[in-house]
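Presented below are the structures under discussion, each in the form of structure tokens.
Each of the next two complexes has chain A plus one other chain: chain B in the first, chain C in the second.
Take a look at the complex of A and B:
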């Protein structure tokens, strides 16, 4: 190992640990009937985990959805108004919304993700303090809003004003980083379907966020997932809400354009 | 009160085997997790789930550490008559939460 390139060798060692392709995944790709080869993370899960996700009576993410439904009609803040006072029935007003986020926010001249958008309403429309990142409340509201897009195709990124931000996200996705010197693409484009330790590497399509992750024993946002992957290559994760994350989220959603929303998904 | 999710067929026929599915939001702290200061987070789990059907106990489960957070428990019983199915979860602090669901048997 040369001192100037400590990352390379480690990265190779890490990738050498990748096991052979999973035949089950290829089979699922055929069942799925997709021509373009894109697969949701669900396709890489065990049958038990897929069943847990598919059954609303067994999917623990539904507990969070129910919390979100309760928050939706709770009057909050100086304005004393509930989400429902302005947006009435979420099944109508929020249909397809989560599938379109991150979206361009004209006031900020930048994309905002769904959690940020909800907190903007909290601060500006309800006059309440924003919920903390990854707090049960923000996860519950985004899960509840997200559920209203379940089964609908992802449409994020269609707004032309988003183009430069998508490009920045794409750049980040292909950038080698961390002590392991790996890009997102090294795993999710070049090695998906293979095993990293005992975990199959999925294609990184953010179809089901916020998710209930068994490893977390709880709900988490896409940014939490991205932090895990960054920490996995021993890179310094950004703070929650950093523009880099929002651009990356936006790029991932654009890359998954047309795929079906699964919120609240269950992941291992 | 913890959030629960109970799934029981609303309407069924006498003699039918019905499945009761339950979920409850709970951290299920095992008592084995070390905190930053080296001490262990005190155990706090749901240790018992009891189901009664019109007052009669039809199912009981003891739960232990190493059972997942937000535990899901599903079981079956025979639909005998219309009435009320009650589910009670008891935790290490001795608190019991009871939720009831109506069932219609024809």
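Take a look at the complex of A and C:
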């Protein structure tokens, strides 16, 4: 038997094939009215996990959002200022913001992701120490800011100054690496929808970060997810915040341009 | 240069080379060399015959062989089997031991685009994690154990 190649089929054929194994996929795609065959990770989940994500009372990520809402108006640092003192109501000021990150930062002449942007505000506007990567605080604030984009299309990557960084991210995505010698694309472009052991391989669209992952029993950032995939192929992970991760995040968000934000998503 | 010739040249060169440059060539550093003939490695990598029972355990292991991440096969006790690759049932009837050996040692010689990892190669890899660097996925003896096991899968 030669393996089928869903990633190389037409979107329609791929969806038809998948629908047999994963009934949820076809109907989700129909609901979204998407024609281009791109599917969020939630399309590959069980019905129970999708219901958990969709119900704010059951979605464990909403607890982190609530913590983020409290942090938003807490006065911090030498300046004694809260996020809300500069940005007032997040529902207005942060609408669509997470959907366009990582964004170009002129002072650094490089893209920064949302967590980095939050820590820049802490350092420069609040006079406070940065939150540690993956700390409950940074995840809570990025989940709260992320929620303000829920339901909106991803717009990251439109700034022309980002072009060379997107290309570097693309190069990394296509590089075979690690002791298993696999590229991100080997799984997420060429074999999505198939089972890797027990796990359906999603298309790697970062629509819902930060996520609540059942396997972690907690929240985690997109970089934490990328470290998992790199460790899976036995490649050397980067330090949190490394330019390579930000470029990869930027490439993935650009690849998901126009898809709908789901933060805070739940993943198995 | 044919694979066989390369193997021979390497075997000759090894004796003259300092240990650290041995990684280049068809056998990983410090491991026995082998010769490719056509689409096979006809000779076993070690002097000790493969053990099919050990081979089966390696194939089923999620830490060692990782085969069932991608393949399914006659492992009724294993609940989670992948479907990225052909079912291993009957593979011993389809392929000779020499072909099975080359497929495991370095399948990219058969198809440079295959996603199946080369289990007995350390060169030409990018960004290998520190814990795994310069180590093959399996040892020569483990390859022989797997070949012995796969050869028993005849239907």
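The rule we apply is simple: the second predicted complex is superposed on the first by the 235 of 268 C-alpha atoms of A that agree within 3 Å, B and C clash if a C-alpha of one lies under 4 Å from a C-alpha of the other, contacts with A are read in each partner's own complex, and residues count from 1 in each chain.
Basically, contacts are C-beta pairs under 8 Å (C-beta built on N, C-alpha and C of every residue); 3 or more make two chains touch, one makes a residue touch a chain.
Nothing here was measured: the structure is a model prediction, and the numbers come from that model.
*Asks:* Using the superposition on chain A described above, determine whether A:62 touches chain B (first), chain C (second), both, or neither.
*Replies:* In the superposition, A:62 contacts chain B only.
*Asks:* Check the contacts made with chain A and report whether chain B or chain C touches more of its residues.
*Replies:* Partner touching more chain A residues in the overlay: C.
*Asks:* For A:266, is the partner it touches chain B (first), chain C (second), both, or none of the two (neither)?
*Replies:* neither
*Asks:* Applying the touch criterion given at the start, work out whether A:138 contacts chain B, chain C, both or neither, answering first, second, both or neither.
*Replies:* In the superposition, A:138 touches no partner, neither chain B nor chain C.
*Asks:* Once the structures are superposed on A, label A:197 by its partner contacts, choosing first (chain B), second (chain C), both or neither.
*Replies:* second
*Asks:* Quick one: is A:180 in contact with chain B, with chain C, with both, or with neither? Answer first, second, both or neither.
*Replies:* second
*Asks:* Just chain B (first), just chain C (second), both, or neither: which does A:231 touch?
*Replies:* Only chain C; A:231 stays clear of chain B.
*Asks:* Is A:218 touching anything from chain B or chain C once the two structures are fitted on A? First, second, both or neither.
*Replies:* After superposing on A, A:218 lies in contact with chain B but is clear of chain C.
*Asks:* Quick one: which bits of chain B touch chain A in the complex? Just the residue numbers, please.
*Replies:* Residue positions touching the partner: 3-5, 7, 21, 23-25, 27-28, 68-70, 72, 74.
*Asks:* Can you name the residues of chain A that touch chain C in the complex?
*Replies:* The contact residues of chain A facing chain C are 1-3, 175-182, 186, 190-191, 194-198, 230-231, 234-237.
*Asks:* Under the stated contact criterion, what part of chain C meets chain A in this complex?
*Replies:* 62, 66, 68-70, 79-87, 108, 115, 117-118, 125-132, 135, 137
*Asks:* Please output the residues of chain A touching chain B within their complex, sorted ascending.
*Replies:* 52, 55-58, 60, 62-63, 66-67, 214, 217-218
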